[in-house]
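The same chain A turns up in both complexes below, where it pairs with chain B and then with chain C.
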Partner chain A sequence: MSAAVSDVAPQASTAPTGGGVLRRLNIVTAVWAGSALAAIGWFIAHELWQDGDHGSDQVVLVTLICWSVGFMVGIGAFNGPIGWIRGNDLAHEDELFLAGKDQGIGRYFRFTTDHKVVGIQYLIVTMVLFALGGTLAMLIRTNLISPDSQFLSAQTYNAIVGLHGLIMIIATIIMVTGPFGNFIVPIMIGARDMAFPRLNALSLWLIVAAIPVLFSAAFLGGIPTGWVGYAPLADQAPPGMDAYSIFILIFAVSSAVAGANITTTVLTMRARGMSWRRTPIFVFGTVASVGLALPAFPLFMASQILLQVDRTQGGQFYVASGGGSPWLYANLFWLMGHPEVYVILIPAIAALMELTPVFARKPLFSFNTAVIAIAGIVGLSVMVWAHHMYAAGWAPDLNGPFMLTTEMISVPTGLLFLVILGTLWRGRIWTTVPMLATYAMLWNFIIGGITGIYLSDVPADYALHGSMFVTAHFHYTLMGAGLTGAIGALAYWFPKMTGRMLNERAGYISFWLVQIGFNVTFIGMFAVGLAGQPRRVVTYAHLFAAGNLVSTLGAYCIGIGMLVLLYAIVSSWMHGPIAPANPWGAKTLEWTVPNPIPLENFEVLPVVTEDPYGYGVDEAFLTAELVSGSAPRTASTGSATATQAEVAAGSGQQVATLDREAGQL
Partner chain B sequence: MSTDLPAPDGPSEPVVQSVAGWRAERVRIFWIWLVLTGLLVVFSLTVPARLMGPPASPTMHSVESTMTLFSVAASPVAALVWAIALYSLLRWRSKGRPTADGPAIRGHAATTVAWAVTSTVLCVFLLVWGMAEMIVINSPAEANAPLVVDVTGQQWVWTFSYPSQGNVESDQLYLPVDRPVIFHVTSKDVIHSFWVVQMGIKIDANPGETTKTSVMPDKIGVFDVRCAELCGLRHAEMQTSAHVVSASDFNSWLSQNGGHS
Partner chain C sequence: MTVSAHVPVAGHPAEDVQVVGGRQRTGVLLLIVADAAFVGALVFSYFYLRGLNTSGAWITQGMHTATIWVGWLIGLIAVASAWCYRSGVNALRTGKIGGLIGGAGIALALVLLDSVVQIIQLASLPFKPDANAYASCVYTLAGANLFHLLLTAVIGVGIWNRARLGRYVATNPWQVEIVAIWWNWIAVAAIAGAVTTSFIASPNVGG
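Let's turn to the complex of A and B:
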C-alpha cells in the first residue's frame, strides 16, 4: 500500500492535467506517502550516520524532512508545479474539482483551493492546537498545585512547558488570520476567492504536515528549553529540538505563503468602489498581521538553520567555546518574537473593532485613528525586540533606547482603546457573546498593558524578568486580549461560516467560566511573580503555595469553560438553528451573500458606495427633535428654527454647541 | 453597502435622552471614574510593594517605588476605560436586539487629540522616571572601593568567589552590609540568570561573556538567590542563600575560609 502511494508523485508528472491522480489524493494518501518517505529517509540516514557524533540528530532531521516532503507530495501540493514544468496546466474541470465543487465533506480532506474550505480547515487546526496546548497547560498547573505535588518529573515538566508554549504561540498566530482571514476577508472585500488559491491550500497543508513534526518532539525527549529555544541550552537538548527546528522552518514557509497571498488579495481584489476608507477595519488588521509576519518569521527560520548547523554538523554559531554567541540566537529570536506578539494581537483586536459597531449600532469611532494606530503599532513593534534582553547583559547602553520605543507603543495601543470606547459611547449595546468579548478585552488588555509598562521600565524589569509576573503579563495580552478576541470573532462569524447559530446559552456559560477562571489564574500568578517565583520551575518555595493553588483552580475553571465552548461549537455546528444570511444586521459584504455561500461567493460582484459603518441616526436631527420636543416649553420657536438650520449643516461641533445651549435653558 | 438590518422602524423610545439627561450621565460617569480611581490608588499604594516584600537594597527600594508610582499613575487611565465600559453596560444596554441605532458619531477630534497627548505625556514621564532610576541603581558601580564578587553559574549550582580577598570560594553568597558590591557574572555551560530577589538585581550568566551588575545591600539578613533562566533539568533547584552580615562578621567569615579582608 505505502509503496503504491509513494509512486503517486511520478504518476502526477505523467498525468499533468491532474486527471485521475488529482482525484485520488487526500489526507490518507498524504499520511501514507509521508510515512513511506520518512521510513526510507530514516533507513538511509540510520545506515549512513548512526555512529557519527551527531548521528541521532541527523537521523531525526532527515526523517522529519522526508515526512514533510512525502506528506506534501501525497496531498497533491506538487501536482500544479510539476504540470507547469511539463508545460501543462489544469483543465477547467480540474480547477473546479480543486476548488471542491459539489464534493460534500470530502473537500475538507483534500488539497482544496476554495478559500472557505481553507478557512474551515484552519479553524479545525486551530482548535486542535488549542485542545492540545490547553491539555498541556492543565498538566502544568496540576503539577504546580502544590510545591510537593511531584505529579510530573522535572524532565517531563520541562518538555511539556516548551511544547505548551510553542503550540499556543502557533495556535494564537493562526487563530484569527487563518480561519477568518481566509474565510471572511475575501468575501468582506467582495472577491470570489483569494489571489492565489493554490498557495492558500499550500499554506494550510504545510501546517498540517508540520503538526506531527511538532508532536514528534514529545517522543524525542521534548523541547526542554521553553518555547524560546535559547541556545546553548538548545545545543545540548535531545532530538526533540530538531523537531522544533523543522517545525519552525515549515511554519515560516507557511506563514510567508499565507502572508503574500492575503496581502496580494487585499491589495488587488477589493470590490469596485472599495477605497481604503471604505475597507473594513478587520481587513486592515489582517493585512497588518500577515504583513508584519512576512519579515519576522524568516529571522526565526534563520535562527533555526544556524541551530541545525550547530546540532547536526558541529557548527559553533551559538557555542561560546567555539567562538559563537548565545546573544546571536537571542537577537534573532526576539527580532521575530516581538513583532510576533502583535501578529497575534492586531487581528484579534481588529476583529473586535469590526464587531463592536454592529452590536453598539453605531459607526466605528474614528476609522482613521484606528488605521493610524494599527500602522503605528506595526512600525514600532519591529523596534522593541531587545526589551526582552534588558537583563541579558548584551548591550546595557541600548536599554534606555529600547525602553523609549517600548513605552511609545502604548500611545497607538491606547488609541485602539479610544476607538472601541468611542464606539460604545452612547451606543445601543446588544450584549451578545461577541460583544461580551469586547468588554472582556477592555478589562484584560488594560491589565496586560499596564503590567507591560512595568516590564518596559529597565530597573523594574531587572527585578521581574524571568519571573511568573512575566508569564502572567503575556497571558493577559495574548490570551486575555488575543484569544478572547478570537473567540468573539468566532461567535460573530459562526453563523456565516457554518450556516447555523451558535448556542447562546452555552456561549454565555463558557464566556463567564473562561473569563473568571482566566483572571483568577493569572492574578494569582502576578502575585507569586512579584513575590519572586521564577518561570518554568517544576517546584517552588512554600512561600508561593497559596498563589499557585489559586492559579491552578482558576486554570481548571478555564478548562471547563473551554470544554463548554467546544460543546457549543460542535453541537451548534451539527444541529443548531439555521442562521439567516445576516443575523446581526451588519453592513459588511460577507453578510450580503446567502447561506450556504455559493462556490464563488457572489453571483454579481458588488460595487461599494460607502463605508460599512453607516449605522446610526443623524444625531443632530434627533437632538433638534429633543430640543423642540422634550426641552422645557419656554424654548422659543425662534430658537428651535435656528437649531434646525444648524442641523442642516450637521457637524458634531454644532451639536456640541446645541447641547450647551439646551443645558442653559 | 447594502444591509439586511431589520429596518429600524423608527425610534420606539427616545434615541437620545433629554439634553439635561446627558449632562447627568456625564456626571455619573465622572463619579464612577472617581470611585474606581480611588479604589485603584488604594490598591496601588498597598498591594504591589507588599507582595514584593521588604527591600534589602536601595535598588529594590527604588523598584518598589516605581511599581507603586506606575500603578498610581495608571489608575485613572484604567478607571476611565472601565468606567465608560461599565456605564455603557449598565445604562446603554438594550434588552435583546436593539430596535434602533445609536447616534452616528464618527469621531471627535478634540477627544482624540486629548487622548493622544495625555498618553504621550504619560509616556514621557515613564521614560524620564526610568532614566533617573537607572542612574540610582547604577550608583553602587561607581562608588569607591566596591567589593568585587565573581559569580559563576553552572548546571545547577552557583559559585561565588572573592578575587581581592584571597579567592575565597563559596556556594553561598556572603556580603557585608552597606558596602557597594560589583558582581562579575559568567557561566560554564548554558545561560543562567543571577537573581538576588530581595535586592532587585538580575543579570544573565552567559557562557563566554562576563556581565556586570551592582548593588548595595543595606539590610542584614538571609535572602534568596535564584536562577531566572531555564537552564535544564534542575533549574528549579538552582538556588542558594545570600547572607548579608556586618563588616566584622564578613571579615571573620573570610578568614575562616582562608581569605583576608
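Let's turn to the complex of A and C:
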C-alpha cells in the first residue's frame, strides 16, 4: 500500500537522529502499557471496592480509565508535556521525527504529527468503525428478517442495537472532518501543517484508545439503552454502560482538541490572499462542523460524568426519588444531540458542494448563499433540541416554539440544495463516482429532510415517535446524505491522499449497489414505521413481516456494495494507476502540490489571487469536449505530462499549451 | 486559483513570534470555550434540579448543607492566584525574569493551597453524594473545580520551572501570557462554583 506522502522509503543517510524515547514507542508499546496499567488498576480497585454497593461499576471505571491513560503513555502522548515541564524544548531533529520523516509505513503506528499521516490514520479508523458497525447492522437486520427468526437473544439484540448506534454515530462524526479535515484542509488553505500538530496526533490516538473501551461494553453486559443512553435506564444498566461513559468522555476530549486545532488552523494559517470570499466552501463546512462540536460535546461529557456519579457513588442526578430528573439527562444529551446531526451533515454536504463545480465546470452557484446557509444551520441547530422530547412530556408549552425553530432550519438547508442545483444547472457534467454521490445526496436528503419536517410537527411526532419511521428518517439524513457525501469526498480526494486513482468500475458497482440497497432498506422501514412498528424491538407483529423482509434484503445489498467499495479502496491503494497531480482539473490549492506530497506540502507558500471556483463557461465547454464523460486520459503536452482536464483548468500558460495541443487530441 | 511564490523554501525561516503567539492564544481560547461549556453544563444541572425539586427531594429535610463561605474562600484564593500570576507576567514584560519566577511561584503555591482546601472541603462535607440531588451536585462541582486546580498546578510547575531555567524573555512573553488566560478562567470557574452553591434552598417549595 503506497501512500501519497513523501519519504516512504527509509533512507539511512538522511534519517533524523531526534525523537528520543519516542523512537521506541508505537501502538504495540501503547497496548502493552494500557494493558499493564489496566491490570494494576483492576487489581487495586477490586481489592478496595468489589464488595461495595457500586463495586463492579467502580472496578470497571478504574480499569478502563487506567487502560486509556496507559495507552496514551505507551504511545508517547505525554512525552511532550513532560518535556515542556522539565524545560526541554523540541530540537529540529525531534520535530522531524515526530512528523514521521523517513519512517516509512511505521509512522502510521506512532504518535506522528504530520497532518497527512493523521488524516490517513483517521481514514483507517473510520473505515474500521464502519466495518464493525456495519457488521452489527447486518446482524440486526438478519434478526428482523422474520418475526420469529430468534437469530439473536433479546439481550444480545439490545446490546447490539446500542453498540451499532454509537459506533455509527461516532464514525459519521469523524468521517469527513477526520480524514479530509486533517489531510486536505491544511493544504487547501495553503498551510504547511495544522496549527497544533501534537494536538492533532493526540486527538487521533485518543479515539484509538477509546475504541477498545467501547467494545469492552459487549463483554460487560452491553449497552441496553440504545445509543442515546437514556436515564434512568442508564443508571440501572450493567457495567457495559460504564464503558459507554468512558468512551464518551475520551471522545469529547478528542473532539474538543480537534475542533480547537482545525478552527485555529483555518482562522490563522490561510495563505496570503485567501480572503473569506476566496476560501473554499469545504473549509467553511469543516470549521462550522468542528466549531459546532466544540461547545456541544462537553455537554454530552457532562451528562456522562453525572451518570458516573450516579452509578459509582450512588448519586441522585437522574433518580426522581432523590430529587434528580431523567429530563436533565434528556436535555444535556439533546443539547449535544441535535447540533451533532449538523456536525455530521454540514461537512459532508460541503464536500459535495466543493466537488460539484469541478465536475460541472461551473462556479459554485451563489457562494454567499452557501456560507449564509451554513451559518444559519449552525445558529438554528442549537435551538431545536427539544423536538426530540415532545413525547417525553417535558415543557409542553415549549413544543410550539421548538416546532417553529425546527421547521425554520429547513430554510437554510433548502438553500444548500439550491446552491447545488444552481451549480448543476446547464453545466456540462462530467459524470464520475464523486459526482454520482452528489446526485444521490440530493435524492436521499430530500426524503430525509421532508420526513424530518413531518417529525418536527408535534401531532405527527406523537404518532410516529419511537417508530421505525424515525429510524428510517435519520438513516436517510445521516447515511443517505452524510455517508454518501463522505464516500463522494473519498472518491474525489482519493488520488491526492493515496497517489493512485480509485478503481472506477468497482466504484460505480459499489455506488449502485449501496444506493439501491439503501433506498430499498429504508423505504421499507418507512412503510412499517407508518404502519406502527416500534423501533428497537427484537420481534414484531406478523403484519410487518413483508416490509421487514424487504428491508433486510436491501441491507444485504448495502453490505455487498460496501464490500465492493472496500475492495475498490484496498486494490486501488495497492495497485491502482498512478494519479496525476490534478486528475480532475480542480482549482483549489491541494491539487497544486505534487504526488507524493512533500513533508511540508508547499515548496513555496502560495499567494491566492482568484476565487476557487473560477471555471469559465468557455473553459467548461472546452473541458467537457475534451474529456467527453470518460475517465481522465493522459495527454502529453510538450515535456510535461498532464490530464486534459488538468490542463484545461490550469493557469493561463497551461491553457495556452492546451490550445496548441488541442488539434492533436 | 492562481498561485505564486513569496517565501523561499530553503530553511523555511521561523514564523514571527507574534504570529505564532496569536495562533496559540486562539487555540487556548477555543479550548476554554469547550471547558466553559462543560462548567456551564454543571451549573445548569444544579439550577435545573434545584428549580425542579423533584419529589421535594432536592434537599432532604433537616440535612446539613455545605458551608457557603468555604466555596467562596476557594474562589478567592483562585482569584488571588490569578492576580499573582498576572503580576509575574507584567514583570516579564518589563524584563524582570525574577518577577515572573516569584509571581508564578506564589501563584503556584496558592493553587496548591486551594487544592488542599478543596480536598478538605470534599472530605468534610456533612453528606455523601448519594444523599440527594443537592449533595450530588455539590460533590460534582467541587470535583470539577479540584480537577481544574490540579491541572493548573501542573501547568504552573512547568511555567515556574521554565522561567527558572531562563526559557522566557521579555520580547516573547506569549506562552506565559496565554497561561494567564487559562489561570484567569479557572478563577472565574471557581467563583462560578461558589456563586452556584450559594443558592441552596429550592424556590419550588411544592416539589
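Here, the second predicted complex is superposed on the first by the 597 of 665 C-alpha atoms of A that agree within 3 Å, B and C clash if a C-alpha of one lies under 4 Å from a C-alpha of the other, contacts with A are read in each partner's own complex, and residues count from 1 in each chain.
Keep this in mind: contacts are C-beta pairs under 8 Å (C-beta built on N, C-alpha and C of every residue); 3 or more make two chains touch, one makes a residue touch a chain.
What you see is a predicted model, and the numbers here were worked out from it, not measured in a lab.
Novice: Contacts for A:325 in the overlay, against chain B (first) and chain C (second): which applies, first, second, both or neither?
Specialist: In the superposition, A:325 touches chain B and chain C alike.
Novice: Check whether A:608 is in contact with chain B, with chain C, with both or with neither, and answer first, second, both or neither.
Specialist: both
Novice: Would you check which partner chain A:588 touches, where first means chain B only, second means chain C only, and both and neither mean what they say?
Specialist: A:588: touches chain B and chain C.
Novice: Residues of chain A touched: more by chain B or chain C?
Specialist: Here the partner covering more residues of chain A is B.
Novice: Regarding the shared-chain residue A:79, is it in contact with chain B (first), chain C (second), both, or neither?
Specialist: neither
Novice: Looking at A:363, would you say it contacts chain B, chain C, both, or neither? Reply first, second, both or neither.
Specialist: first
Novice: Between chain B (first) and chain C (second), which, if any, makes contact with A:87: first, second, both or neither?
Specialist: Only chain C; A:87 stays clear of chain B.
Novice: Does chain B (first) or chain C (second) touch A:314, or do both, or does neither?
Specialist: It touches chain C, and chain B stays clear.
Novice: Considering only the touch criterion stated at the top, classify A:172 as touching first (chain B), second (chain C), both, or neither.
Specialist: neither
Novice: Output check: A:35 vs chain B and chain C. Expected answer is one of first, second, both, neither. What do you get?
Specialist: Neither chain B nor chain C is touched by A:35.
Novice: Do chain B and chain C touch any of the same residues on chain A, and if so, which?
Specialist: 320-321, 325, 327, 587-589, 592, 606, 608-612, 614
Novice: Can you list the chain C residues touching chain A in their complex?
Specialist: Touch list, chain C to chain A: 1-9, 12, 19, 22-24, 26-27, 30-31, 33-38, 41-42, 44-45, 48-49, 52-59, 128-137, 139-140, 144, 154, 157-158, 161-162, 164-165, 167.
Novice: Across the complex, what residues on chain A touch chain B?
Specialist: Contacts found on chain A: 154-155, 158, 161, 224-226, 230, 232-233, 236, 319-321, 325-327, 360-369, 391-393, 399-400, 403-404, 407-408, 410-411, 414-415, 417-418, 421-422, 424-431, 439, 442-443, 446-447, 450, 453-454, 456-460, 462-463, 465-467, 527, 530-532, 534-541, 580-582, 585-589, 591-592, 606, 608-619, 622-623, 626-627, 630-631, 652, 658-659, 662-663.
Novice: Spell out the residues on chain A that touch chain C in their complex, using ranges where they run on.
Specialist: Result: residues 81, 84-87, 89, 190, 192, 195-196, 199, 256-257, 259-261, 263-264, 267-269, 272, 278, 294-299, 301-303, 305-306, 309-310, 313-317, 320-325, 327-328, 331-332, 587-589, 592, 600, 602-612, 614, 651 of chain A touch chain C.
Novice: For chain B, which residues are in contact with chain A within the complex?
Specialist: Residue positions touching the partner: 1-6, 8, 11, 14-16, 18-20, 22-23, 48, 51-53, 59-60, 62-63, 66-67, 70-71, 74, 77-78, 81-82, 84-85, 88-89, 92-94, 96-98, 100-108, 111-112, 115-116, 119-120, 122-123, 126-127, 129-131, 133-134, 136-137, 185, 189-191, 193, 195, 197-198, 200-204, 206-209, 211-213, 224, 226-237.
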